[in-house]
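Lettered A, B, C and D in written order, each chain numbered from 1.
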Amino acid sequence: MKPSRLEAFSDGVFAVAITLLVFNLKVPDVAGGHLRVALGHQWPSYIAYVISFLSIGICWVNHHSILDRIAMADRELLFINLALLLGIVSIPFTTSLAAIWYNQGTNAKWAIGIYCANWVYVSATYILLIHHLMGHEHLATHATGVTLQSLLRKGLFGIVAYLVALVVSLIAPIVAFFICLALAVYFVFGVQGEAMAEH
Amino acid sequence: MKPSRLEAFSDGVFAVAITLLVFNLKVPDVAGGHLRVALGHQWPSYIAYVISFLSIGICWVNHHSILDRIAMADRELLFINLALLLGIVSIPFTTSLAAIWYNQGTNAKWAIGIYCANWVYVSATYILLIHHLMGHEHLATHATGVTLQSLLRKGLFGIVAYLVALVVSLIAPIVAFFICLALAVYFVFGVQGEAMAEH
Amino acid sequence: MKPSRLEAFSDGVFAVAITLLVFNLKVPDVAGGHLRVALGHQWPSYIAYVISFLSIGICWVNHHSILDRIAMADRELLFINLALLLGIVSIPFTTSLAAIWYNQGTNAKWAIGIYCANWVYVSATYILLIHHLMGHEHLATHATGVTLQSLLRKGLFGIVAYLVALVVSLIAPIVAFFICLALAVYFVFGVQGEAMAEH
Amino acid sequence: MKPSRLEAFSDGVFAVAITLLVFNLKVPDVAGGHLRVALGHQWPSYIAYVISFLSIGICWVNHHSILDRIAMADRELLFINLALLLGIVSIPFTTSLAAIWYNQGTNAKWAIGIYCANWVYVSATYILLIHHLMGHEHLATHATGVTLQSLLRKGLFGIVAYLVALVVSLIAPIVAFFICLALAVYFVFGVQGEAMAEH
């Protein structure tokens, strides 16, 4: 299979998943009184919306860096990519879970823990994808630019960071939530920039 | 009509349909108590989500193998493709039907039966598409790679397998549900691999 | 603006709108008793789903026949195309309106009348698009194939047919509903075929 | 990153966001009595739907005019574009907020104010995008056609106009709502036309 098709389908899934995040924002009920107060109470939904939007956006950029290195797709690669997309498509659900249950005592640990676990899963499939490419030289292009090694380093950093967030979520869920926010901001301004600089 | 357009539109529909599956995952109500317990009760939704995600993913791969063999699209081909997409777009609905009604006695037979019937329908339109191409030589490309015969074999295997699942669903719906799961896994690791090997 | 961009955006909107039709299919409530009976009562939703799916599919095919004739897009053309897409995006809503209110006495006239009016509107923007191309020769390509005249004839047939359905809906809404079904089937097997034959 | 990828992803997000606006149109409950009356009461939803549809459509056209001038994308550009898309994806939510709360006294100021603020935000990211291109000559193409200066002028006009609407919304929300409608119509027939004329 030509990588251009993999790209078109993956881009479509990323674009739909990132847009479906808007369903996390609920219009408060008219009967509920003060709109300003009602919207204020929804602050976790807004933060979660921005975190997930940026994170899916970063994933899309990184996914493209990987696809750029693919000359040909084999069976395992298609399957690993499908597994990665499964993780991306689940984000609107786990985002909603985290935003609604963030302050429900013990339940918050589960909600935010599952959100962090979703990103651990995405990072793992991302690493698998790169690992598969590194082990099958005939699938990769030998173009200059971002190297598979540098993409792998980013993937390993990502999985460790989200595993830390996952562990923290079992102790202090709300802190884990802000770690995810910090990671999204860091990836936008930091790692992403480094990768571009290598270009 | 040039096949590139057929591809772009079909890819779009596949990408949206596979992403809409996320609406099968519902955030449990905060008033409902224990999140862990509430999520545990939703296990059929998660299994159904994964089955349908993988199955639509496999369909997309197979659909592309067929489109790769098309040099030109005529009226019947466009109509058969539209009929196939109608089946794909219905999957998020029948998936939800199966996940919600799976343990409702006699009703489960209808719910999971309809889910299996949806895949029988998709397999049938897939076979029709290949059959139409085989009967109209001027529409097909003569490229090397996956042959129409091998695609047809996969289609026939698929329709027989889903017909078996449909029959089983009338006796033991939950077993049919797991047959669909087994088929998705088999198609990912088995038939799909065989087709790729032929490449 | 290059027509390829117009195509990509329009294809995306068509693909999303046709897939959103699935939200017209509602899983009956578990508390509601017999699934078979509950699904049976939803028959207008299923018919409406198929009518709208086929009709949007046909519109997409016709839209592409028009875009094929465009060499360059000017301001009016972009605006007319946006107006056409506004009609397409509204179809999932008016479909739902027709399917839910079809048997509510006088209200049914409004529900099915609005559905027919939506298609009259789509046909009108389709004719406007062709008319604009015919009046601005520098925008059109001079390729062989389907002529603008033949596309215009189809558009005029469509608007007259849907105006008849609209008038009928004010007297016998359910009959108008079936006229829309007959039109979709006719367009798939009839007019569409004629246009392809001209190719 | 090649601009063609930026285009494909951005087009996907625009197409999904513009289509999701249809969820602002709700089918009135059958128990609610007269359909004609119920639909009549929803007029703000219909106006909001058309305003937002046209406005997103115009944004898409302008976004493409900018992308046309991009030869290469750097880190900041990707991030600014993601920030712009975040604003576009939020429109279906703020549209719904404005349409549901438009006549709720003081609350209406918040609802329509947030809607206007959303467009101020989109205009600001649009200006940032152009500003970034103007400050990094190696990123821009030197093609003829719409100049970055003329795109910037449109962006500055847009942000001033939406800031005026935002201020008005704090005094007379319903007037601000109609200013947004007037702006959409003006952009379709006016500024857009001017830009095209320069082509």
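Everything that follows uses one rule, which is that a residue touches a chain if its C-beta (ideal position, glycine included) is under 8 Å from a C-beta of that chain, and two chains touch if they have at least 3 such contacts.
Everything numeric in this text was worked out from a predicted model, so none of it was measured.
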Practice task
Compare the two sides of the chain A and chain D interface and say whether they are made mostly of the same residue numbers, over half shared, or of different ones.
Solution key: different
Exercise for the section: Overlay chain B and chain C by their C-alpha atoms and let me know the rotation angle in degrees, rounded to the nearest 5. Expected result: 90
Practice task
Among all other chains, pick the one whose mean CA position is farthest from the mean CA position of chain D.
Solution key: B
Exercise for the section: List the centre-to-centre spacing of chain A and chain B in whole Å, with centres computed as mean CA coordinates. Expected result: 26
Handout entry: Separation of mean Cα positions, chain C and chain A [Å, integer]
Key = 37
Practice task
Give the residues of chain D that touch two or more other chains, as numbers and ranges in rising order.
Solution key: 8, 12, 15-16, 20
Handout entry: In the complex with chain C, residue positions of chain B that touch it
Key = 1, 5, 8-9, 12-13, 15-17, 20, 74-75, 78-79, 82, 85-86, 89-90, 92-93, 96-97, 100-101, 104, 107, 110-111, 114
Practice task
Would you pull the chain D residues touching chain C in the complex into a rising list?
Solution key: 7-8, 11-12, 14-16, 18-22, 25, 27, 30, 34-36, 39, 50, 53-54, 57, 60-61, 64, 188-189, 192-193, 196-197
